[in-house]
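The first chain written gets the first letter, and so on, giving A, B and C; residue counts start at 1 in each chain.
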Amino acid sequence: MTRRERALQTARRGGLVTVIALVGLAVVYVRAIAFTPIERTQGPAQKIFYVHAPIAWATMLAFAVTGLLSLLYLTMRDRKFDLMAAASAEVGTALGIAMLTTGPLWAKPIWGTFWTWDARLTSTLFTFLLFVGYLVLRGALSDFEVRARFSAVLGVMALVLVPFIHVTVYWFRTLHPDPVVMKPEGPSLPAVMLTTLLTSLIVCTVLYIGLVMQRYALAVLEDVREEEEAGDGIS
Amino acid sequence: MAASEAAVRVHDVSRRFGHRWVVRNVSMEVFPGEAVLLVGGNGAGKTTLLRVLAGLLRANRGTVDHRGMVGMVAHHTMMYDALTARENLTFYTRLHGLPRDGRGDRLIERLGLAHAADQRIATFSRGMLQRLAIARSLLHDPDVLLFDEPLTGLDDAASRIVLDVIRELKARGAALLIATHQLVELVGETARVGYMVSGRLAALEPIGGRDAGGVVSRYKELVTDGR
Amino acid sequence: MAGNLLTATAAIARKDLKVEWRTKTAFMSSLVFAVLVLAVLYFARDKTSVGDFDIAPGALWVTFTFAGMLGLNRAFLLERENRALDGLRLTPVTPTALFLGKVIGNLIFLGVVELVSLPLFILFYDVPIWRQLPILLAVVALATVGYVAVGTLLSAMVVRTRFSEVMLPVLLLPFLVPPIVSAVQLTWRILALRPLSELTGWLSLLAAFDVIFFTLSLLLFEAILIE
């Protein structure tokens, strides 16, 4: 198969995965609204949690993947890693925007405000801004080899930065609800809510994968076209 | 180093920018004591090839092999406007890890710049800058010298000095590769000419007694051959 | 080898400072900016509701951060003039020496801006700075090192883009969260005369950031330089 044919196949498969994820998302919505009990202290608004937290997770996953692919590119210099890293960053940014909108929608009824500058929100915002910075840098560099190299460097730096931002966060007082699932003692959600949450988590991860597959395929197709436009190559 | 051993050997080198191959499958050798002209139109890949030979760009394919040090003189001076000629050369002397034995000053003399040694180079004319750039490139006694349009923008007096230096370098056993459009002055100094067409080295051959016009005709021949 | 590293690093730093001294543009802009930011922050607050202790640490670090950013790009913009970077790469100078030289140049540059802004800061805010000066200076130094290391690496990338002045803050600001937040927390505690035990946590975070990011920036710099 030629590179173009492989890319088209990836795009088709990615599309399928995305559709599956969207169906899953619909299932999660139904389950969250109709089949999961209302949380005692927060009321019905708490249900946004079943979408917000998994999307936040998927955003962070996208970020970590971009960082790791950046490291792979720097060590192996295979363009495939660069194109994948960029795809992950774009999808991550989109998911990040979803995260940053569902969050305030949840916050307003619960905290009375759309946004606070508390530690976790601020740190998440900075991580999101790192993504945006990565994409802005890529947009500003036209030579693809320079672009790949430089964004890989930024990707690796950003990956190492995130734990630091995380720690800086924890040493602040925070309004954000304390972790309910990722606590050392184990999740403290009742089973039925936990199931909804975990289902949503899986669905969002699958959605991420499907979107990245498609975006990557698109990047490869663009690359193939540019290669053809550049004319004859070397013998 | 035996006189028959090449000072720089390039094997099947290719270099691209983005998807565009700017240098394609170039193989050549330059021997000590000779000056090779590199001719070709704009965008033929001469500058890129020189930069690959200098080590400023990695070859995407192929290998570059130098015996000894490389110096380069290009369109930009690679020096700092706010510093004087002497300061610029001292800086480069330090970077090369060379002893402070006045070599910078000697080169300034040789290139006819002694009167302006303590002036900031922002005030220098094109000819003076080119000569200072040559001085810079000679600080570390390179065995290979790469020139990218060395005579462009120079008046007669400056050109003469540069040609003298080129002859001297050849006599001392340096290998020179000179990319140029200005054939009239340089055809006399070279024994071989490399013709670059669309990134390929269409031919690398003895000058065969041609004058500037002859070289141009040969070039045109090769361009049409390639079509 | 080590000798050459030190010579090259020192030569590069010295050259940067000499050029900056002669032109002074970046330095004056940074300084004026620092004064302006301090003054604006001072006059903008309501003295009756916001105490000196509340705003002083933040004011100090906002000033240093933004004034610093004006100076960071100048280090590599200098090398773009006349393609000086090519000249550097033609010498045996290693990426490490170049990075260290630039970092030292930036540190000295920013250090001077900080030292000149500090008296102004003391003038505006009634905080017990004198007896805490040693530890405060240590914290300023630590935070500045981390900031400059990352800023130098990022500016090397950003100067190749068209809007380098804007790109640098966009990329750099998230990296400033750990060191600047730590610095503000430490400054606040130092000025409030808190015991040392309250400082150790933030100090270790700052130190860890410095060590890790200085090393990482140094290692990654080569990838930026080699084409």
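As a working rule, a contact is a pair of C-beta atoms (placed from the backbone, for glycine too) under 8 Å apart; a residue touches a chain by one contact, two chains touch by 3 or more.
Nothing here was measured: the structure is a model prediction, and the numbers come from that model.
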Steps needed, at minimum, to go from subunit A to subunit C via contacts: 1
Greatest separation from subunit A - chain, by CA centre: B
Contact-richer chain pair [A-B vs B-C]: B-C
Subunit A-subunit C separation of Cα centroids, rounded to whole Å: 32
Length of the line joining the C-alpha centres of subunit A and subunit B, rounded to whole Å: 51
Chain centre separation (subunit B, subunit C; CA means) in Å: 40
Interface hub residues of subunit C, defined as touching at least two other chains: 227
Sites on subunit A at which at least two other chains make contact: 145
Shared-contact residues (touching 2 or more other chains) in subunit B: none
Subunit A contact footprint on subunit B (complex, rising order): 14, 17-21, 24-25, 61
Of subunit A, residues touching subunit C in the complex: 74, 123, 126-127, 129-130, 132-133, 136-137, 140-141, 145-146, 149-150, 152-154, 156-158, 160-161, 164-165, 167-168, 171
In the complex with subunit B, residue positions of subunit C that touch it: 3-4, 7-8, 11-12, 15, 18-19, 22-23, 78, 81-84, 86-93, 226-227
Subunit A contact footprint on subunit C (complex, rising order): 150, 153-154, 157-158, 160-163, 167, 170-171, 173-175, 177-178, 181-182, 185, 201-202, 205, 208-209, 212-213, 216-217, 220, 223-224, 227
Residue ranges of subunit A touching subunit B (in the complex, touch as defined): 142-145, 223, 226-227, 229-231, 233-235
